[in-house]
Every structure is written in C-alpha cells, then in structure tokens.
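What follows is a set of structures for review.
Look at the two complexes coming up: chain A is in both, with chain B in one and chain C in the other.
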Partner chain A sequence: MQIKQGMTLGLVGESGCGKTTLSKLLLGLEPATSGRVTFDGIDITGWSAGRMRPLRSRMQLVFQNSVATFDPLFTIERIVAEPLDNNGRLSVRERRRAVIEWLSLVDLDGQVLNRYPHELSGGQQQRVGIARALASRPELLVCDEPFSSQDFMHRKTMLQLLLRLKRQLNLTYLFITHDLSLVPELCDEVSVMHRGKVLETVKGDRIAADCNHPYTRELWNAVPALNPRDRKIRF
Partner chain B sequence: MHSGNTLLSVRQLSIEFDRGDRTFEAVRGISLDVKAGSIVALIGESGSGKSVTAQAVFGLLERSGRVTAGEAWLGDVDLLTRKPGELRRIRGRDMAMIFQNPASCLNPAFTIGHQMIETIVHHRRVSRREARDIALVQLEQVGLAEPERLLRRYSFQISGGMCQRVMIALALVSGARLLIADEPTTALDVTIQAQILDELDRLRRERGIGILLITHDLGVVAELADFVYVMKEGEIVESGDVYDIFEQPKHPYTRELLDSRFLYERSMEESPSSDRRGNHAARNRRFIQDLRTSKEVVNQS
Partner chain C sequence: MKRKTISWRAVSLWTGGSLVALAVCVGIFAPYLTPSDPLLINLDIRLSPPSLHYPLGTDQMGRCVLSRLIMGTRTSLFYSMLALGAALSISVPLGLLAGFAGGRTDRFIMRTIDMLLAFPSLILSIAITGLLGPSLANLLLAFVLVWWAGYARIVRGIVMQIKEKDFIMAARSSGGSPTQIVLRHILPNAARPMLVLASLEIGTIMLSISGLSFLGLGSQPPTPEWGVMLNDSRPYMQTIPRLMLYPGLAIMTVTIGFNLLGEGLRKRDRIET
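Moving on, here comes the complex of A and B:
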C-alpha cells in the first residue's frame, strides 16, 4: 500500500484483522518478517529504535484513548512541551509560548496549561493529544480509531478539526477505523483489510460503487442507514 | 406500527444528583411510552440524561441520585415505588436490560453456563438440568452456534459480539416483555453491530417485545426505531414517528443532531461571526505562517 503526500488514506476492517499491526509496521514499532517499508524514499525496514529517532518526529500517532498516554502527574504544558524539547532547547518563556500556540491551534485556550489530564473533559484530552502529536511537527499523522466511541456531535467537531489541521499544516493522514460511514466524506482512498491482507484499495467516495471484493460490500452493507427509508438490515 | 399495548409508561419523571453540597437536576419532568412490539429510541448527546432515565426505570440509579418526582408504570406496577426485593423479582421476570459493555456484565470467574443456569434457576422454578436445556434453547435463538460448547466457556474467551448475544439470551430467559438497551452496539464492530440490530429487530417482530433503545447513534435509530424521543439537558425537546423526526425535524436541536451525521453540509471554515473566533483564527494563521517559514529555513540549511 501507498500513502501519497497530502492525502487521507482510510484503513478499514473488523477488529483483529491487522489494521493496528500494519500501522505499527509502517511506523517501525513492529518488526517486519518480510517486505519493505519506505518513508519519503528512505527504506526503514528493520531499523532500530535509535536509528528511527530522527524520523520519528515526522510521523506521529493519535490514539483513541489519549489520556492513557499522558503521565497523570504532568501538567498539560509539560505534556505538550515534551516533543518541543526533543528539537533543541527553548527558554521557559519560548516554550510556554509555543505550547500556547499549539493548544490554540486545536481550539484550547491557555487556561488549561497548568491543569492535569484528569481535570479536563474527554474532548479536551483528545485535543491535547492532537496538540502533542503536532508539536513534533509531523508530516504523517496516524489516527487509530480516534473518535469511534463518541457521540456524533463530538465526533463531527473533532473530525472537522483534523481536516482543518490537515489543510493548514499540509499533513498526510492514515485513518484506521472500523466505521465505514465516514469514509466517503473523509478519505481520498480506502484500503480494506481482512485477516491480515489488504483486499483492495478504492476511492473513498466511490466505495459503494467501485468495490470489487464481496467482503468490502459486506462491510459497507453493515453500515447503518442514514435515513429510515434506506434501512438495510431489515427482513 | 406503534400499535401494541403500552408496556412502559413514564410520567413526569425528574431525577436529581448530589454533587458535593449542591444538587444537580439531571432529568426534568420527562414522559415517554413504550408499546409492545415496538422499538422506541431515546436519543441525545452524552450527558443529556438518557442513560440516567433508563437506570431510574430499572432501579439502578447510583447512590448519589434519586427520583424526585414522577411515575414509571410497567403494566399496573409503578416501578418507582417498589421495594428493592420486589423490584429484583420484576427485573428478572418482566423487564431486562443490556448494556454497552457486555463483557463487564459477565463474571470472568464463572463459565457462561454457570451464570445462565444460576439466573434461570433463580427466576423460574426449575431444576439445574432443565435450566441448562432452557439456556441451550435461548442461546440458539439469539443465533449462537454450538451452544453446548459455549456453556463451558468464560466471558474472556469469547468476542464482544458473542458476549452481547449471551447478555440478550440471559436478559430474555425469564420471558421479559420489556428490554431496555443502553448503547447496545456502541462498543462493537460494524458487522457485529448489524447482526445485533437484526437480533433486536427479530425479538420485537417475533416475540412482541417492547424495546427502549438508548443511543447517540443516529444510524442505529434510522435502522431500528419506530418512535423517537429527543433529549437535551434533561428534557425531551421533541418526539415523533421515526420518519417524521428524520424528514421533518421541528426542534433546532433535533436538526443539529441530524446534521451531525454528515461532515460537510456546513461551511468548514472558521466562522467569522464572533470577534473572539475571528482573532483566534488570525492568530492561528500567523502561527502557521511562522511554522512554514521556519520549515523552509530548516530545509535550506
């Protein structure tokens, strides 16, 4: 599979099909037994963690449960500032300013700086997770089921935020999800995975029309209808 | 469509919670009906009070919460005035509830079979052997293959979808007429979700069970519901037939909820309507400009 710069690639399939493992392979977090992974033309297959480090800041992850990746004893300022410190030393003042800018980019104001993760709402925690990922200035952002268990209103706000950031910062997205309902609007292309294999890759807005594989059709048919008149599951 | 007898009738229900030394009114005077053989959806954002409503009806409110007014009639019994022991009997016999996270409702230390048989023996006067037979039939009825083998397994050995089916089977062993389903498919994959929705639909059609479906997922509502109540900040702001709600929503909040199914129908640009947002956007633009310049410097060096 290929992810071209500036695009959003969806990776869909049911749980246990290997979506997350594949994303770890791409990021060099999981060793490959065969095959090659290249990033920006560099073959990174089998690179050690140390060797990956300089590239690491160029690819970042956004998790479903961001708060689990925060140190509960760190303030929000310190959480977002960590990646900043990796790229050279900043004065306390510069650092604070940069953190405020990154938070502002995800629509959080400076008031959260001195708070701890547990003091924030779930939505704010996710925004902090995105700000931290962005602070290391990535080009590729891997979003692993980022908002799949949230209510529609919230999910919409967060997805719109991600789309805005993508435009503003020229990001490339790999979007891992089992929820196909947003694929047409969200993804330029989508790869369908089943039992460890990518079955096919189709244009996001053509998923219903262009899919060749019966499994893709099955997945698409399982997506609930948007209107009661289009009910799919009945009888 | 909404033709059966009324099973559950909630009238002017209010619920309050203690928050430190203050109280917080989570539900304010809501009324709703569930008829036999119908699926009634209660929808709204998280925090709108929909789950709390279900918990109150089912007698599962947390300690800090209490019903301050209203009635909830299941047939000729007001559930809100029953003693805990009596309510426990009603819960097994006449109504059942399933939850978002089925695995956490099963005890990982006992086999599925043990838990099902315990439940059946408790609610019906049958021997363990008879209870086992009932369990097998129930598991088959909710579409689980090899029920014999399943009875010997533990909850952590089976998938989330299977757990939810076991919960549905368990909820219905005693012949409940009312099923309260609180986000029953939110934690499941879309293919498994479709199967569970199908299952709920079949229960309603074939057994005439009335289902109160609590969800924020409008797709689930579109697929399954006959009648919809829209809840916002503890109040029901609109109710109606599912087609009317989706096609002619009257309340602005309902329209907003329905809009949230799509990403794009509104302008994605930052709205310049308020000064604060305007400043915010301008500031972000400057920051992004700085980032771009600094990146060029890095690339040139």
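Moving on, here comes the complex of A and C:
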C-alpha cells in the first residue's frame, strides 16, 4: 500500500478488520510485528517513541471518537494549543490567536475557547479534533472514520470541509471508512482490507468497475441504495 | 433503589465533612478553646468527677481532661496530616513512575513495595521506632517508611488506568514528551482519585498513630495526645472508665468522620478501590 503526496487514499473494510491498527502502525503508535513502514523515503519501522517524536508533527490523526481523545480537564483552547505547546513556548496572546485561527479554519468561532469538550456537540468535537491535528502543520492526515458518529447532513458539510482543507493546506489524506458510498467522490485510490490484509488497491471512482477481488464487490454491493429497486442485495 | 444510594452518599459526605471540619477547627483554635491549662498538674484535685470548672473532670495528675482532649486534637490531626503528606511525597512520584514507565522500572519498584507489604505494617513500625527510640518524630518516620508502599501501589493502578485512555495516545501523537504527558495529563487526572483515597486513608493513619502512642512508642507524656491519654488512664479502667472513654470517643469520632468523608467522595467520583 502506498500513499502519494497530495492524494487521498481510502482504506475500507468491515469493522474489526484492522483499519485502525494499520493507521496506528503508520503513525508509529503501535509496534509492527511484520512488514515495513516508510515515510518520505525513511524507514520508520520499529522506531522508538523518542526517535519518532520529531516526525510526529508531520503526520496527524483525526480520531473516530474525538471526545475520548480530549483530556476532560482541558478547555478547547488548551486542547488545540497542545501541539503548539509541545515545541516551544508562545505568549498567551500569540497562542490564543493561533488557536482561534485554527478553529476558524474548521468553521468554529472563538466562543468555544473556554468550553470543555463534553459541552460541545458531536460535530463540534470532531471539528476541534481536526483543528488540533492541523495545529501540528501535518503533511499527512489520517482520518479514522471521522464522521461515523454523525448524521448525513453533517457528514456532507464535514466532507466538504475536509476537501477544502486539503486544497488550502496541501494535505495528503489517508481516509479510513467502512462507508464505501463516500469513496467515489472523496478518494483518488482506495485500498480494501479484509482480516488484517490489504486485498487490492483501485482507483476511487472506478471501484465498481475495476475491482477484481470478490470481497471488494461484496463490500460495494452492501452499500445501501437510495432506491430500493437498485439494491444489489435482496433481503 | 437508585435514590436510596444517592441519599446515603450525600449523608456520608456531609456527616463526614462536618465531623472533619469540626475537628480541624478545634485543632486550629485549640489554645483559645481550652478552659484551663492542659499541662497544669494539680494533685489536690486528681481524678475528680466532672464539675463546672472541669467539664469532663480531671485525670490522675489533676489536669483538665477536656483541655487535654482539645489540645490532643491538634497533635493527632497535625501529625496524621504530616504523615500523610510525607507518605504521599514518596508514593506519588514512585507510583507515577512505575505506572507510566512500566517494564523493568515498574517491576523493580513493585517488588520493593511487595517486600514492604509482606511485613505486618504495625509490627514493622514498632520495630523501626524501637530501633530509633520512641518519640513522635521517629514514629512518623517509621510510619511513613512503612505506609508509602501501599499507597504507591494504588497510585500505580490509577496511573495505569489513565495511561490507556485515548487522550494519552492523542497527546503522544501530537508529539508530547513523556514528561509533558505525565505532568500535563496524567497527574491532573489522577489527582482527584488520589486525594479521595488519601482522605479514606487518613482515618487509618490517625488510628495507628494513636495506637502506637498508646503502646508508648509515639508522643511522650506530658504531651496531650489521645493515644497517650488512653494509655495514662489504663490503670483506672475499672474504677473510672470515663477517663478512657473520652479519648476513645474522640479517636472514634474523627476516624469515622474521615472515613465517611472519603467514602462519600469516592462514591461521588465513582472510584474503585
């Protein structure tokens, strides 16, 4: 599996097939038992946490359930500012300005600064998660089912937000999802995972036509269709 | 069923809280509350029954029992807190280190703790005080040396629980160093359960300090201290039981107060021990 700079790679597969584990491997948050991980031409397989740290800011993760990834004692300002605090001190005012800037980039206003994560709605929490990830100025953003907990209206706006950010900040995405319906409009390429293995990688908009593996077809056919007559699986 | 548990927690929190607050106030303002000098010996009126001038009577030296009880609050509370503070300053860093670092560091610290816990703590304190000579300072030292181990173990458990939380992984992935993560996320999040458990433990500490003083290993006469008072009145247990009753009730009340407070806090924060 390979992600080229500036592209969006989708990673799909059923629940529990190892998508999240794979992303943690990529980011060096979990040790690999086999295989190699390279980033920007550097083999980072098995790097220690200390060695990894300078690289961390270049690849960030947007979590499936953001609220669990926020320290419950932290205000939104501190949460978003954490990557900034890790490297060097900023003055209080600079720090606040930077945080507001990152928040406005994800369409949140400064009102949330002094709130606590549990006081925000699910969509807002997810946006804060994205803002925190962006505050590290990453090149690669791994989105782990970033809107699986939201309704379809929000999904659409979030999707547009992610696409806009990609253009604005020249990001590379690894987009993990179990929802194949997003793939054609979002991903340049998509890798299909099953039981901890990547089965195949195809062009995102050609997923229906080009897939070779029967599992991919099965997955694609499981996407609910708007018109019941178009359903590919009969119940 | 649910309503009943909630009200019980509130009762325990408020009863315990007010008992402890009362004891602390008495301790702080002790010199102003005593009706007479707690150290003044007057053999003419020894073992006299309660009167207007001596509300709880006098002891075998003719000293005012109430005044001694009030001053004793100060000694007992102050030394219990001191012992707790000293024990925390050893156990919290070590517990944090063991819980966060894991691996060989964890094993080394934990085996040391196991070794200390293998001895009955009271006997170990007695042995250490016996070696150093009986005094309140030595008792404290002995106590802290023995007692930190159990608490460090608890701290380690709390830390290990927090370490597995997603926000710690998030902090790691945003490039935080281990020190930053411990100070910024783990310690603040562990502080609440740690304080709650400490409030549960302080009752035990007070009981042990009084107990060791009773055995003659802690504070020495004529310092007014509840354990010493118990010991002093021992010969009169059959003839004048009230002399033992007063310090006994004082120890019991404050210990129960701390336990209720700790229990109430623990249930409120849903902390598992």
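Basically, the second predicted complex is superposed on the first by the 231 of 235 C-alpha atoms of A that agree within 3 Å, B and C clash if a C-alpha of one lies under 4 Å from a C-alpha of the other, contacts with A are read in each partner's own complex, and residues count from 1 in each chain.
Here, a residue touches a chain if its C-beta (ideal position, glycine included) is under 8 Å from a C-beta of that chain, and two chains touch if they have at least 3 such contacts.
Everything numeric in this text was worked out from a predicted model, so none of it was measured.
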Partner chain in contact with A:1 - chain B first, chain C second, else both or neither: neither
Touched partner set for A:151, first chain B, second chain C, both or neither: first
Which superposed partner A:182 touches (first chain B, second chain C, both, neither): first
Contacts of A:70 with chain B and chain C, given as first, second, both or neither: second
Which partner, chain B or chain C, touches more chain A residues: B
Contacts of A:32 with chain B and chain C, given as first, second, both or neither: neither
First (chain B), second (chain C), both or neither touched by A:160: first
Touching partner for A:49 - first (chain B), second (chain C), both, neither: second
Contacts on chain A seen with chain B and repeated with chain C across the two complexes: none
Parts of chain A lying in touch with chain C, wherever the complex brings them together: 27, 29, 49, 53-54, 56-57, 60-61, 63, 65, 68-73, 82-83, 85-87, 132-133, 136
Chain C to chain A touching residues, read off their complex: 165-167, 169-178, 180, 184-185, 188-189
Chain A to chain B touching residues, read off their complex: 14-15, 101, 104-105, 107, 137, 149-156, 159-160, 163-164, 168-169, 178-182, 185-186, 218-219, 221-234
Residues of chain B that touch chain A when the two form their complex: 45-46, 186-187, 189-194, 197-198, 201, 216-220, 222-225, 242-243, 246-247, 256-257, 260-264, 268, 270, 280, 283-284, 287-288, 291, 295
